[in-house]
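What follows are several structures.
After this come two complexes, each holding chain A, first together with chain B and then together with chain C.
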Partner chain A sequence: MDIVSHSIRERTIAENSLVILLQGLHGQMTTVDLRDESTARGRIINVDAFMNIRLEKVLYRDRLGFMSSMDDLFITGRNVRYVHIPDHMNIIETIETQLAKIHCVRNFGARKEYSKNK
Partner chain B sequence: MVVLKSLHPPSEGVRLQQADTTAVLDGKRLGAGTLFVAEAHLSWFDGSGMGFCLEYPTISLHAISRDLSAFPEEHLYVMVNAKLDDEAEAEQQNKASDDEESDSEDSGTITEIRFVPSDKTALEPMFSSMCDCQALHPDPDDADTDDDDYEGEEYDVEEAEQEQGQGHVQGDVPTFYTYEEGLSHLTAEGQATLERLEGMLAQSVAQQYHMAGVRTDVPSTEFEDGMEVDSNTVTGQFDDADVDH
Partner chain C sequence: MEEGERESESERRSAPSQTSDQQTTTETSRQTPETEEDDVETKLDISSDKFDPLLALYSPQVPLPFPNIRCFNNIAEYESFMKGGRGRAKPENVEKRLRKAQKGKADPERIERLKRLMVNNPVEEEGEGSGVKRQPRRRKAAKNVLTRMPLHTGSPLGELNRCVQEKIRVKVHIRTFKGLRGVCSGFVVAFDKFWNLLFEKLKVQESVALSAVENQKSELHSSSSRLTNQTRRTDPRHTQERSEHSEKDKTTLKAAQQFKTKPKVEYGRVHTRHVNQLFIRGENILLVNLQLE
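Presenting the complex of A and B:
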């Protein structure tokens, strides 16, 4: 999936909230705790501005403790309670990198290099 | 006990229709039917036209489950944060505990639905179309209402710049400078082109073609200073091309 959301609204939401940190977790193995106290551990495929999270190769433990594996899991943003950030990740750097990506797209039309390309 | 209602299948916004799909509701098989993934809601109908309908905001999560120890067939698992009808809700709340559902949880009522298509290759498209439709229904409670201020509104560039000077753009973020104000000066075609190219850029920043941003019929000499892009876009914004925001 794309790294930077195309929707202007989504980019704006992301830029103004910590969701941008979660968007920097694409590709990472993480655990997501849901509001109903079930958990899902898998690799993050995508997080959108509404905190909807898509995971793959998921080990899902439901609230009663039963485990099952799922290939692909989509969790609605409002049902997310916690997202476990992997210990090895530098949070500030991740946020700054994500912001830079957004700004990169935004400034596309105004870049000076543009003049060299006909 | 689920009461199936006589509903009409959706007539528009249907992203996917999967026939020969069994629905299993809280462990109870409802037989084969057709699943409709529509933009407005998710619905399923059996052969006699009876079925049920789910609203996306009530869907907590959905997944492709290929774990045969959890369920004997590969299927699309959907967790719904509601009961399907009042009768079932009342019954299940009175019962001590059901097979899978006990409502001693924070959320209270949860329904687990499994859609088992006979064609297992359909699971991926079923999953993705649900993801897409789910994204169309963001949680209204959660979103910061200020976010709406940034939605491509018609900004007057001078006005926005003036407000910026005061340290306050329309909306609530003082130092935030968006290019939305430029959008009001784009034609519909320019807008479409801009979005398409942004998509291209997101994939490969290195590739900058001559059309970057706008149109193809202008001599390259006009691009020398890199500032003028298109008469249709806001030159005012790009005057400070060096200033990064």
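Presenting the complex of A and C:
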């Protein structure tokens, strides 16, 4: 599971948008409401800069109300309408944690003697 | 013959400078003994006109003009060094590299220096909530989603920022493919340039479309048959009638016109729910309304 994307482009896109909050939700059980009125409740494996979401152990309810369960679900970013954020998560803190991770990765090659990761 | 020449040379000169090259020995053999020494020296002297590179390559002791200079493995290396490369030609970097060469031992002096630069950083970062991140090293101000929020003053996004700062309750109209789906009312915690919104204490009122009569006939057929099974929604019979009616409309149309049929959407009752924290993707937002009280 990648904490931070390997691509600089994706990192920059994520850094300057709210996708970074969704990236901080790795491993959380959430509900994603899709554009076509269906919902998927599962554990977030990965969210990329374009808001493409991968979920596992998903309880998918299609727009007609029919439930089905899936091991793995990939949702294209454009099809997302809502993402429910678990109540226990502090939004600003999560964003800042994720931004800090990006900074760590960015400064990786500079000075190895003094490690930033305490 | 070579051996003999070599021996005679070593007799005369204090520093033995033996040439193993046949060519050079034959050359020197032609010269007079007095000038031989000087000749060899001038030949080994890089700055002289009579510099003989072959002699220099094979002689064990060549007087170098700058003995403590940096050695390169090939000309390309020299070229890149001269171009500056990663600033290697500068004297301060030479020292830096010397230090790096002793990388194994953690240089405490250096670590202390770095610590002094960094010591305030973690405390500051925690203290400032969604404010600007100050960098201890000379770097331009961090630009991330949180710092970009206050940058939009004067524009509608700046107004949204005001809502974030002053915790004004905001009403957001959510769109469906054509028209309004519902209204969400809550406090905006964060936003970005795509109008993705992060909401807190949200009350969602939306009406869900029952049947979207759009393109495929088959889809409508299956959906209308399923409609009768749904008891949760309002008046399945009523909607079924209407959808059947619209289905008839469809069947009269030619197959080629299938994709151009007028979409008829039946809407159900308005559902209200409360969500503590919600993320809304920007493209679904119709409009944002400030609820000033």
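Here is the rule we use: the second predicted complex is superposed on the first by the 112 of 118 C-alpha atoms of A that agree within 3 Å, B and C clash if a C-alpha of one lies under 4 Å from a C-alpha of the other, contacts with A are read in each partner's own complex, and residues count from 1 in each chain.
We take it that a contact is a pair of C-beta atoms (placed from the backbone, for glycine too) under 8 Å apart; a residue touches a chain by one contact, two chains touch by 3 or more.
All values reported here derive from a predicted model rather than from experimental measurement.
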First (chain B), second (chain C), both or neither touched by A:71: first
Chain B versus chain C as contact partner of A:52, first or second or both or neither: first
First, second, both or neither for A:84, with chain B first and chain C second: second
Which superposed partner A:35 touches (first chain B, second chain C, both, neither): both
Partner with the higher number of touched chain A residues, chain C or chain B: B
Touching partner for A:27 - first (chain B), second (chain C), both, neither: neither
Partner chain in contact with A:16 - chain B first, chain C second, else both or neither: both
Which superposed partner A:105 touches (first chain B, second chain C, both, neither): first
First, second, both or neither for A:8, with chain B first and chain C second: first
Chain A positions touched by chain B in one structure and by chain C in the second: 15-17, 35, 37, 51, 64, 77-78, 103, 111, 113-114, 118
Chain B-facing residues of chain A, complex: 2-4, 6, 8-9, 12-13, 15-17, 34-37, 40, 48, 50-52, 54, 58, 60, 63-64, 66, 68-79, 103-115, 117-118
Parts of chain B lying in touch with chain A, wherever the complex brings them together: 57, 59-67, 69-71, 77, 81, 100, 102, 105-107, 110, 124, 127, 130-131, 134-135, 138-139, 141-144, 146-147, 150-152, 173, 176, 178-180, 183, 194-195, 197-199, 201-203, 205, 208-210, 212-214, 220, 223-227, 229, 233, 237-238, 241-242, 244-245
Contact footprint of chain C on chain A as seen in their complex: 15-22, 35, 37, 51, 64-65, 77-78, 80-87, 89, 91-92, 95-96, 99-100, 102-103, 111, 113-114, 118
Of chain C, residues touching chain A in the complex: 103, 106-107, 110-111, 114-115, 118, 122, 125, 129-130, 133, 142-146, 148, 174, 189-194, 196-198, 200, 208-209, 223, 226, 230, 232, 275-281, 283-284
